[in-house]
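Chain naming follows the written order as A, B, C and D, and within any one chain the residues start at number 1.
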Amino acid sequence: MNRVGQGAAAILPIGIAVATCMLLFALAGYDIISVILGVTEGALTGFGSFQQTLRWAMPLLLIALGFLFCLRAGEFNIGGQGQMMMGGLGSVAVALLFPGPVWIAMPTALLAGMLCGLIWSGFAGFLKVRYHADEVIVTLMLNFIAVLLVSWVTTGPLKDPAVRGETASTPKIDSALRLGGSDGISPTLLILVGLAILAAWVIAERSRMGVQLRYVGKAPQAARWQGMAVRRLKFQAYLLAGTFAGLAGAFEVLGPNGRLVTGATPTIGFTAIVVTIVGLSRVPGIVIAAIFFGGLQAAILFLPIVSDLPSSGIKILEGMIALFVTAEFLRHWRQR
Amino acid sequence: MRPTAVRCDGITVQFGQVRALDNVSLAFPVGQIHAVLGQNGAGKSTMAGVLSGILRPARGSVEICGRKIQSGQSAAARAAGLDIVHQRFSLPPSFRVAEALEFAAARKMGGLVYSLRRIERRWRERLDAVGITVDLRSRLASLPVETRQSIEILRALANDARVLILDEPTALLSPTAIDKLFRQLRELRDQGVTPIVILHKLKEVLAVADTVAILRQGQLVLPPTPKDTLTTSRISTLMVGAVSVATRCATPTKDMPAADLCRLDGIATRSRGSEPGLHDIDLTLGQGEILGVAGIEGNGQRALAETIAGLEAPLAGRLTLAGSDVTERGTAARRVMGLRMVPFDRMTEGLSLTSPLWENVQSWVAERFRTGPWPLISIARMQESTRAILDRFGVSYRTTTQRGDTLSGGNLQRVILGRELAGTLKVLLAAQPTRGLDFAATRFVWQELHRVRDTGAGIILISSDLDELFEISDRILVMRGGRVVGTFTPPYSARTVGSAMVGAAE
Amino acid sequence: MEFLDQFTVTTLRSATPIVIAAVFGLFSIRAGIFHLGIEGLMLASAFAAVAVGTASGSAWIGLAAAIAVALLLSVIYWFFIDQLRADTVIAGLGLTALCVGGTAFAMQALFDQRGQMASTVRLPRVISGVDEGLLSYVSELTVLTWATPLLIVLAWIVLRRTHLGLQIAAVGDYPYGAVAAGVDASRVRLVAILLTGFGCGIAGCQLAIGDVAGFAENMTNGRGFFALAAMLFGGFSAIATALAGLFFGFADAFGIFLQLNDRSGLPTQFVLMAPFLLTILIVTISGAIRQRRDRL
Amino acid sequence: MVRKHSRILLQAIGFMLVALGAPMAFAEDRSVVLVATQKAGDRGPIDGLIDGLEQAEAAFGVETRFIEALDPATFENTLHALARRGTDIIVTTFFAMGAAVQNLAAEYPETRFVVVVAAPLDPPLANARIVGYATQENAYLAGTFGATVSETGHLGLIAGVPLPYVWADVNAMTMAARAVKPEATVTHAFVQSFEDPVKGREVAAGLYDRGIDVIYTGAAASDIGVVEAADETDNLVIVASPPLVEQAPESVGFVASFEWARTMMIEIENALGDFESGFRVGGIATGEIIMTFSDAYAATNPRAPEARAATETVYDQIAAGQMTVPYDETEPK
């Protein structure tokens, strides 16, 4: 099937999912015109809306790119959430505790974020390739554990003395070390994300390792006979996934958030998996899908301001999209 | 005139652009063993699929024992009395014998819940009746191939099949097992069952069939005809068309210096499932030598291949490749030293069917692509070299980006050979390189093996086809139970090699 | 000894929904479907049990409604993964998200309640009114906890002693053989998914009107995923899966016990990690054992 | 088939584009938006504030809206978006929102910000009002009541997840209990979820089984299970939200609750008028913490009247400023 056809096959289920949701909301008595207006204004046309779309596309994109490597290697690493949190933890620790000048502290903080993500993912990868521990369960558990670790760090060693009560958070990072403001993204951040996309594309499509990874995922037996180090390649896929997710966490704390907070972005790792699938497991596709879901996320935040739709309605929409997204509505047409 | 067991009229099957069967009409009379003969891709398996109702033809009708069946319905074909034993076993390998038979039986034990003891009693009788001794609680995967095939045939007969189609039944069997199978088929014929055997080996057809039908490129070139009225050359000509048929690749063995290219000293491996491990294997391969490894499938050949390939670490012993000890080194390192491999199963071990051809043809670990520390690749250059290889090995393809599964079996094997033989090599390990290939493709493989041998490389050829081994090997080892039980040099005798394989006393 | 009784009862109660969901989840996983929608099915049935149970005034009608909702959602799931060839894992996650949102949405749209809903009915208890001794603990167990062993045996029989069980195993394990035997794989998958839905309905009902009487948003709290872990850990066998589910109940009780008896001075978060770490450890050990067995 | 689908898609896109051009309608009434950082349905702060919002709508004729902003990463953006749309009064909750308001309130002088339960701003802003809440006073009351009725002298506290204010509550409750019975203990435990009544029940059952006969709980929807366990074992549970009494009047003996609705009314009235900015603490002294005693429970426990009297005494002392309960969020050992 040609590219246009593939694109249509990827977009159509989303269209149907959205339409189904709108119908459901209309039946439940909500004003879907205001919902649609809210979504458009929140994602595209409102003041600073597109900035918000990009702000949410950024972590989705990075986690999805990481997930892509594992998916290609045939590993279902759903630990992007936890890996991102650990990345944020690593970055924030360096940014708060590192006394050196900015030009050293900044790269160190980014590297620390990537390293923490890598270790968190690498641990799951190690258990998988070495002991065949099911990666779905292990990464799920590691997500829970990462939440608790962040909770400990933000109420214990790196607790912000000024914040009390309901919130657990580290202090704000020195503004010299910030990569962007609280309202979204900055040119620096965009350039860094662009570099990350380029790196992911080069590794996935133009490196020996990228091709081998794909081969290992599709035909592990053939890869073995060709002498590819199957287990090492799979492990490397985990390391890559963790690095990218860790970078997402680093960008979150050094960029928009400016600190590490318990309970921030709790479901982004799940959405990122959907982004990878919607993006047809291709780097350019993932970029487009990330912007789409980033827009949806921005719209979700804006929507309650203009519409009565409860926040659970948006959860339905997300679930509906995931349910529909891999469905082959065009199967019969494709066979012909 | 005998009554007709199976008749089909104007069957046409289309797979995409390819017409797998083109307006085929034929009738098989009752009470004879019929052979359907043809090369790969001639449409034999498609024919079997249509007759057994698994495939729905674009046009045409099928009649079994006088009953017209709804096309595309395997249950209807079964009810009409036709059953099929596929080349690939149809009973789930993870099932226990009794469970598997009960699962596939048309008439189940009554009641919603069965008792294991009752179904075991039921099948025990059936198995005893045809002389299969097997533990009903053992899992199919753990049984020898012959036993599994017998169970598959029993399964079909238990459904009261009047017509029994066997698709390539000899592919996995040893010569003795083939003889036994043919005896069994004759008994069945005498009991009134009509066996239809799909084969591609002329010798076996002549051994068992009463009539022969031949397909070529989807067309019926010979309707079922009594064997006695046909000559070997006539059959060959009909099978391959106008091309002249040579049965031998006449390449004389050259005298080469006897330097050891590959050497196994006292290699032992652990056993895996029903497959025995290797016991104290000593083996040397000289320059310019084709060393055949014979044996009934499942007697350690896989362990031998995987040990040489570096996929299985031996428990004991030493393995030398071109003079250096590689026992501790991995597959990649061995490839760099000049080892090349054609694995057993080309669909899963040889290639990735869902990857584009250029990814399959590039050898990702061999030295010619180790272009320094730079880890990036140029796709244009890779595709160019892929085209060169594919063209040289006569693969018919459209682009280097088409997926592996768009090619036929013979073409896939050419792709593998292209990848493995394109550079310089010292040792080639070829496991079942011609299994399932038609005559032309087989001949191509043999030619390539000879060419490689003539460059001074050594070849270890693992095959369950004695004819092939006799044809091209300079020396033959026979494996049984994970040991080397005999070494033979030309002229070979099928009787002595065969008895070494089954362990019969001389 | 007192404490041991309580520990046992907590284990049993925590394990009940996981065990039921896991054992019936086996039907799907044996048919080759990695069913991540279990969590969502349980949540939706929990909601249905409270909503319909309260409206009708009968816990049994609540149970029936819970099962009915789970079956209906199962049909939808089947339609997507079988008829529309959707990815089982992604569609399962989607189904779960849909149920998380859908229950909250329905609670607000239909009952004008947010966050939680109390139930006026609850499942009966087999032994009641005993205040002393061992029986006093057991008297807190609902009829479904008592029925769990029966359900396990039922699932085992269907899986191992019926033709349906063989067909499910063949469809999941060796689809080629299933087709060759004339099995309608699509229909078998539907039946398998429906059976899973049936179990999830019961499990969800137990959550909502069993040991407590009320529904809270997202009250399944990952139990569906633990049920999947139990299946993997139990190697897809009914009895071992039930034991694995019991283990997760134990891990829960152990986590609570550890919290209450914590004298280590460790930060609380680390104590709370214990059940998750234990699960990773167990999955790793079972993976290593399976790997060894496969290799031999 | 595909052409038909793509036409529907095109139509939908076209519809969206047309809709963009449609003029936005703005209400004449003053608008009040409540931005909650915790889910509604907690039978606690958020539900109370929503009640207050509804009362304010009826009383002052303001246009109201309720928004949940659960993800801390979204707090500031939500406030920006609301303020940009010219919202008159934004009422929001808890400490992290305090920090957010500190960052951005100066940009929107036309909008009045109220944060219910947060730390004072530094520096204070003219358009921001912060309400503090002495949660430890509730815990102190619970400790007093609980320790007086307790036979064993062992008390428990159940919370959702470990957060700083929980430690302050544990410390205050321990202090109160020791004031009644010097050897009294307070054991704390976490459900690890605000939405898991089943686990809430197991945690509570574990505590009761260890000889604890009074539990003070504040774990939102998980509280259903805690009350269930108390009812099952005939023990006392103290809660912070009155509606839970209906679930088991014989076990929920005492409720020390914050009057969230009242706070909302006070603050909206303030914001609609002259607007007094700055910081104030809501607590017993301001009349925003009230006590409810269950008669059904009193009927089952002879010590209940004594406990009620003791608790009322403490309440009066705090109200009169004769006594203060310190806020101490160090983790108890």
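FYI, a contact is a pair of C-beta atoms (placed from the backbone, for glycine too) under 8 Å apart; a residue touches a chain by one contact, two chains touch by 3 or more.
Please read these numbers as outputs of a predicted model, since none were measured by experiment.
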Of A-B and A-D, pair with higher C-beta contact tally: A-D
Rounded Å distance between chain A and chain D, as computed from the means of their C-alpha atoms: 32
Whole-Å gap separating chain A and chain B, where each centre is the average of the chain's CA atoms: 47
Interchain centroid distance [CA atoms averaged], chain A/chain C, Å: 29
Distance from chain D to chain B - Cα centre to Cα centre, in angstrom: 73
Two or more partner chains touched - positions in chain C: 217, 267, 269, 272
For chain D, residues that touch 2 or more chains besides their own: 162
Residues of chain A touching at least two other chains: 151, 155, 329
Chain pairs in mutual contact under the definition given at the outset: A-B, A-C, A-D, B-C, C-D
Contact set on chain B toward chain A in their complex: 309-311, 330-335, 341, 343, 345, 348-355, 359-360, 362-365, 369, 375-377, 379
Contact set on chain C toward chain A in their complex: 34, 40, 80, 84-87, 89-91, 93-105, 108-109, 217, 222, 225, 228-229, 232, 267, 269-270, 272-273, 276-277, 279-280, 283-285, 287-288, 290-291
Chain D residues touching chain C - in the complex, by the definition given at the top: 39-43, 47, 162, 187, 189-190, 192-193, 195-203, 205-207, 209-210, 220-222, 224-225, 228, 232, 246-247, 331, 333
Of all residues in chain C, those that touch chain B in their complex: 157, 161-163, 166-167, 169-170, 173-174, 176-182, 295-296
Residues of chain D that touch chain A when the two form their complex: 1-2, 5-6, 8-9, 12, 15-16, 19-20, 22, 24, 33, 37-38, 65-74, 76-78, 80-82, 84-85, 94-96, 99, 103-104, 117-119, 135, 161-165, 168, 327, 329
